[in-house]
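Each in C-alpha cells, the structures are laid out below.
Two complexes are shown next, each including chain A; its partner changes from chain B in the first to chain C in the second.
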Partner chain A sequence: MKIFGYKPTATAWIGLAIITIFILIAIFADAIAPYSESESVGQTWDDPSFANWIGTDNIGRDMLSRLIFGARMTIGVALVTTILSFIIGTTAGFLAAVGGTVIDQILSRIVDVMLSIPLLIFALIILSVFGSSIMTLILTLAILDSTRVFRLARAVATNLVVMEYVEAARLRGEGLWWIMRREILPNALPPMISEFGLRFCFNFLFVASLSFLGLGIQPPYADWGGMVRDNGKAISFGIPAPLWPAMAIAMMTVGVNLVVDWILSINSRPSGASAEM
Partner chain B sequence: MTRQVDETILKLTDLRVEAVSGAVLVDNVSLELKRGEVMGLIGESGAGKSTIGLASMVYARAGCRITGGKVEIQGVDVRSLDADGRRARRGQRIAYIAQSAAASFNPAHRLMDQVIEMPVSHGLMTETEAKAWALELFRALDLPNPDTFGDRYPHQVSGGQLQRAMAAMAMSCRPDILVLDEPTTALDVTTQIEVLALLKKLIRDYNMAALYISHDLAVVAQVADRVMVLRHGKMVELGDTEQILLQPHMDYTKALVAERKAADKIAVIATSAQGTAAISADNVTGIYGTFTAVKGVSLSVSRGETVAVVGESGSGKSSLARLIVGLLPTSTGNVKLHGEVLPPALAERNRNTLRKIQLIYQQPDVALNPRQTIGEIIGRPVAFYFNRTPSEVKARVAELLRLVGLPEDYAGRLSTALSGGQKQRICIARALAAEPDVIICDEPTSALDQLVADEILKLLKQLQDDLGVGYLFITHDLGIVRRIAHRTAVMLKGEIVAQGPTAQIFAPPFHPYTEKLLSSVPEMRTDWLDEVLAKRSI
Partner chain C sequence: MLKTIIIRVVLGLLTLWAVSILIFAATEVLPGDVASAILGQGATPETLAVFRHELGLDRPSYIRYFEWFFNALHGDLGIAMTNKRVIIEVLAPRLANTLFLAGYAALIAIPTSVFLGIVAAINEGKFIDRFVNIVSLMTISVPEFFIAYVLILYLAVQFEVFPSLSTVFPEMGLADKIYITALPAFTLTMLVMAHMLRMTRTSVLSIMSQPYIEMAFLKGLTRSQVIVRHALPNAAAPIISVIALNLAYLIVGVVVIEVVFVYPGIGQFMVDGVTKRDLPVVQACGLIFAGAFVGLNTIADVLAIMVNPRLRHPR
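So, the complex of A and B:
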C-alpha cells in the first residue's frame, strides 16, 4: 500500500496505526467510553476491576473513560492550535519572502522579539492574565507557535522566490497573493508537512504540560496532562494511576514522530539507491 | 620505470550500466585507450557519455548500477576489486574533471588546500611536495600569479581559471588517465580556447591518456585522436577524428556533422523592412549596487524582426534584458514601447504593457513551476490578460500547444515529465499566450542539445513568420546569430561595441572584439586550434 505515492516503512506503519487509533478514539469517544467524562463511579484510586478496567482516578471517575475523552481534548486542542499556527506562520513567512525588504524586516524583527521570550513563560503570563478558556489557550499557543513556523516558511520561500517561474509570474503582473498561493505554496509543501508533524507533537506536549501546571484545559474536561497532575500523588502509594495518561502522551508523541521521520526521509532521499560503490 | 609507448591503460569491455528502474543507460560499450591517446565521446544528453566516463572509474551515480562488463586499468579488472582497491585507483590512476568547476570546489577552502588534498590523503606526497607540484601545475596551466593563486578562494577567480584549477586538482596525483566531462562547455568561446589549448598541452606533456566527453564535435576535433559517437547508450560509430568529420558512415553521425557545419555558415538574412520600433532602449544604464552592468546602451526591436545581442558572460546581455522588462530599474535613459516611455520599475507598469514584452529563459527547468500542469502554466496568461472563460482558455491552450508542436493532451501533464526541448516549447507557448509584440529570448537554446536547439530555433523562426512577433535574442553562440538574426549588437563590458545588420557585423571590417569572438568559435577541422594559437602568438 502506498501513501502519497510512497511506501511507508515498517516503523511508519506503527506510527500511522497509533495515530489512526487515537484519532478514531477521539472522534467516537461518546460511543466507546463506558462512562461519561465526569461522573463519579467508585472510590478514589480503585484497583482495576471488571467495571473499571484500569481503575478509577483521584475522585473516583473511571480512568479509561477519562483517557478516551482526554484524547479528544488533548489531541483536538493541539491539532487546532497547529493548524492555526501554520495558517498564520506560513502566510506571514511567505509574505516576508515575497513582499520585499521592508515587509520582511518588519515581520522578521517582530518574530525575533517574540522568539527572544521563553515560550513557556510567555504562555504562562498570557494565560494567567486572560484566564484559561480553551479559546484563549488555542489562540495563545497558535500565535506563539507561528513564530517558529514563520522562520521555516520564510526560509523555504526565500529559496523558491528566486526561481524563474516566480519571476515569470511577477513579469506577468501577478499579485502577491497569487504568487504565494499558486507559485510558492505547492513547492513548499513537502518540508512544511513534516514540520507540521513536529509542531503538532510539540504543541501536544505543550498543552499537556500547561494542563499539568494547571493553566491548560480546565476541569471538568478530561485531558492527559491534567490527569497526570490530578493523579500524581497516587504513585507514592504504589498505584499506577498517573502512568496511564503519561503513557498515552508518550505513545501519541512517538507515533507522530515515527511518521514524521518517514516523511523527512522521503524529502531527503536521493532519487534512488546508490550501488557498486 | 620505463613506460611502454602503446601500452593499453584503460580497457572497457561490454560495459553495461542500468538504472534502478531497469532502464539501460549504457549498453555493451567497449573501448580501449592507449597512453598518449585522447578519445572523444560525442552524443546528445542521455547518450550515456558521462555515465561511461564515470563507469571507467567504476563509479555509478546514485540510482545507477554497473551491471556487466569489465573495466581494466593497466590490466587490472577494477570491478573485481574491493572498495579499498577501487579507492586506490580513483584519483591516483584515473581522475575526473567535471563540467561545472564552480560546483566541484568547496567554497569554504582555499584552492591550494583542495588541490593538494588528494595526494596528501592518499599518502603519495608530503604536503611540501604536493605544494611544489601544485605550483608547477599552476604554472603549466598558465594561471595568473601561480605562487599566490592557491591562497585564493574559489569565488575569487574567474570561471576559466577555476576550470584550470580543477585540471590541476585532477592532475595532483599524477594520474595516467583523465576523464574530461564537458570541461569547456560552461565557458565563453574566448576562454574555451585557452582552456582547450592548455588541456591538450597537459595531456601531451605528461604523456597521459584521456576520455574527452563533449556534445560539440568541433571541440572534440581539436583534442581527440579518435571519436566515439554514442546514442541512447549504444555506440553508433567509432573512428579516427578525421574520418568521423569528413566521412561519417552512419546516418546519425552524418546528421550531427551536418548540423554542426550548418552553424559555421553565414546564412544571409535580409534585413526586414524596418518598421517602427516596437520596443526601444534609449541610452539606458543599469546599476547593481556599485557595479554598472549596462552603460548607455541604445537598441530597438521591431515586430517581425530578430535582433541578436552577443557577448561573453558578464558583458551585460542579461542585464540589458532585465532593464527592458523592468526587473532592473534603469538609472538613466528610457525604455519605450511603441514610442511611449515606460516607467522604469516593474510594479508601475500596467498589465497591457507587461503583456506586450515576454521573456523566455535559458533554463526551462526552473522557468516552469514543477507543481502546475502545463494547462495551468499556459492557460494562466490567457485568463490573466484576456479574461477568457475556462472553456475558452482550454481551447486556446490546445491551440498554443499545437502551435509549438506538442500534442494537445500534454495540457494535463506536469512539466517535470517532459524533456528539455519540450519544456522550452512550453515556455514559448506561455510567452505566446500573452500575444506579445516582442519576446526577449535569454539564451533559450544554450541548455539544450544541438539537434533539439536547432528544432527550437526553427520553431521560433516559424512563429515569427506566422505571427510577426519580434525577438530580442540574447546569446553567446555566434553560430545561432548568423542563422537567425536580422540585426546584431555586440556587447563588451556593458557597452555595445558594434551594431548593425548581421551580414555587415560578420563581414570585414570587423570591430577587433567581434573578430576575436569570431575567430574563437571552434571550426570543424582538426588543425583549427593550432592554427588559431599560432596566429595569436605572432
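So, the complex of A and C:
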C-alpha cells in the first residue's frame, strides 16, 4: 500500500497505526468509554478489575474512561495550537521573504528576541497574567510556537522567491498575497509537512507539561498531563496510576516521530536536525 | 578573534536587554491592566484604585520598566505580591539549589553523551549504534515526568535505592545532597543526553566524508584512530555549542523535574508564582531563566569561535 505515492517503512506503519487509533479514540470517546469523564465509580486507586480495566484514579474515577476522554482534550488542544501556529508562522515567514527588507528586518528581529526566551518560561509569564483558560492556552502557545515556524517558512521561502516563476508572477503584476499563496506555498509544502509533525509533537508535550504543572487544561476536563499530576502521589505506594497517562503521551509522540522520520527520509533531510526546544 | 568575541558578547547583552523589555511588556499587553485582571469583574473602582497604587500601576509603564530594570541590575527584584517577602532573599538559596542540580546533571551527562556519541560513530550501522540511537530517540520523544515516574517506581519504591522526594536543607552535607538529589539528576541527565549524543555522532560522521579523512584511512589507520585523532578535533566546535545549548535546555527542563521531586529550586518557585499569579515573582524568575538561557547561548557561540578558526573572521 502506498501513501501519496510512497511506501511507508515498517516503523512508519507502526507510527501511522498509533496515530490513527488515538485519533479514532479521541473522536468516538463517547461511544467507547465505559464510564463518563467525571463519574466516581470506586475507591481511590482501586486495583485493575473487570469493571475498571486499569483501576481508578485519585478520586475513584475510572482510569480507562478518563484516558479515552483525555485523548480528545490533549490531542485536540495540541492539534488546534499547531494548526494556528502554522497559519501565523507561515504567513509571517512568507511575508518576510516576499515583502522586502523592511518587513523582513522587523519580523526577524522580533522573532529573534522571542526565540531567546525559553518557550516554557515565556508561556509561564503570559499565563500568569492571563490565567489559564483553554482559549488563552491555545492562543499563547500558538503565538509562541509560530516563531519557530516563522524561521523555517522564511528560510524555505527566501530560496523560492529568487526563482524565475516568482519573478514572472511579479512582472505579471500579481499581488503579494497571490504570490505567497499560489507560487510559494505549494513549493514550500514538503518541508513544512514534516515540520508540522515535529511541531505537533513539541506542542503536544508542551501542553502535557503545562497541565502537569497545573497551568494547562483545567479540571473537570480529563487530560493526560493533568491526570499524571492528579495521580502522582500514587507512585510512592507502588501504584502505577500516573504511568498510564504518561505512557499514552509517550506513545503518541513516539508514533508521530516515527512517521516524521519516514517523511524526513523521503525529503532526505538529516534526521534530528530540526528538533528544537 | 577578540573583536568577534566582543561583538558577540555585546550582542548577547543587547539580547538580554531586549528580553527584559519583552518580559516586562508581556505583563502590560492585557486589555485593561493587571489589577483588573487579578481582582476580576466584581472589583469596585475604589479597590481597583488602591490596588493599582499599591502595584505602582498609576504611573506610566516606561517609568516602571526602568525602575524595575535598574533595581534588578542592583539585585533588587522587588517584593512578592502575595506574602510581601523580599524576592531576592527567597530566590537566592533556591537558585543555588537549582544550579547544584543542573551542575550535577551536567557533570554526568556531558562526558557520558560525548563518549557514547563517539562510540556510536565508530560503530556506525552496527548493533551498538542502532541501540544507542533508538534509546536516545525514545528519551527525546517521551515527556520528562514519564522518565521521572518510571525511575521513582523502580529505584525508589520497588528497590528503595534512592529517596523519591528530594527535600534538601542548607545544613545538609555534600554527600547527603548528592545522594538525595540522585533521581532528579538522573532524569535530567537522560533528558539532555539524547540531543548531545546524537549531535556528537552526527558531527563526527559528517566530517568522515572529508578528503583528509580518506587520506588518513589510506595511510592505514584504523577507524577508531581516524575518528579520535582526525575527526574529533574538527567536530569539536559543533559538539561544544550543542553542549552549551543543552545546558540551556537543562535550565528549562529543571522546572518540571523540580515539581515532580518537590525539589526547592527556582523552577518550583516560578510555578508557585504563576499559580498564585504573583507577577513580581514570575518576572524575577523569568528574568533569571532567560538570563541563564541567553548567557549559555552566548558562551556557546564564543566557544565555537575560539575552537573553530573559520569563524574567527567576521564576514
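Everything that follows uses one rule, which is that the second predicted complex is superposed on the first by the 268 of 277 C-alpha atoms of A that agree within 3 Å, B and C clash if a C-alpha of one lies under 4 Å from a C-alpha of the other, contacts with A are read in each partner's own complex, and residues count from 1 in each chain.
Throughout what follows, a contact is a pair of C-beta atoms (placed from the backbone, for glycine too) under 8 Å apart; a residue touches a chain by one contact, two chains touch by 3 or more.
Please read all numbers here as calculations on a predicted model, not as lab measurements.
Q: Going by the contact rule stated at the top, is it chain B or chain C that touches a larger number of residues on chain A?
A: The partner with more contacted residues on chain A is C.
Q: With the two complexes superposed on chain A, say which partner A:Glu183 touches: chain B (first), chain C (second), both, or neither.
A: A:Glu183 contacts chain B only, not chain C.
Q: Could you say whether A:Met163 touches chain B, chain C, both of them, or neither, answering first, second, both or neither?
A: first
Q: Where does A:Ala10 make contact in the superposed view: on chain B (first), on chain C (second), on both, or on neither?
A: In the superposition, A:Ala10 touches no partner, neither chain B nor chain C.
Q: If we overlay the two complexes on their shared chain A, which of chain B and chain C does A:Ile125 touch? Say first, second, both or neither.
A: Second partner only.
Q: Just to be sure I read the superposition right, which of the two partners does A:Gly173 touch: chain B = first, chain C = second, or both, or neither?
A: Touch status of A:Gly173: first partner only.
Q: What residues on chain A does chain C touch that chain B touches too?
A: In the superposed arrangement, which is not itself an observed complex, chain A uses residues 270, 272-273, 275, 277 for both chain B and chain C.
Q: Could you list, by residue number, the parts of chain A that touch chain C in their complex?
A: Spelled out, the residues of chain A in touch with chain C are 112-114, 116-122, 124-131, 201, 205, 208-209, 212-215, 225, 228, 232, 235-238, 240, 242-243, 246-247, 249-250, 253-254, 257, 270, 272-273, 275, 277.
Q: How about chain C: which of its residues touch chain A in the complex?
A: 15, 18-19, 22-23, 26-27, 29-30, 34, 37, 137-138, 140-146, 149-150, 152-153, 156-158, 164-165, 195, 198-199, 202, 248-249, 251-252, 255-256, 259-260, 270-271, 273-275, 277-279, 282-283, 285-286, 289-290, 293-294, 297
Q: For chain A, which residues count as touching chain B in their complex?
A: For this pair, the touching residues of chain A are 163-165, 167-168, 170-174, 182-183, 186-187, 270-277.
Q: If you look only at chain B, which of its residues touch chain A in the complex?
A: Going by the criterion above, the answer is residues 19-21, 58-66, 83, 325-327, 346, 349-351, 354-355, 358-359, 361, 363, 366-372, 380-381, 384-385, 430, 434.
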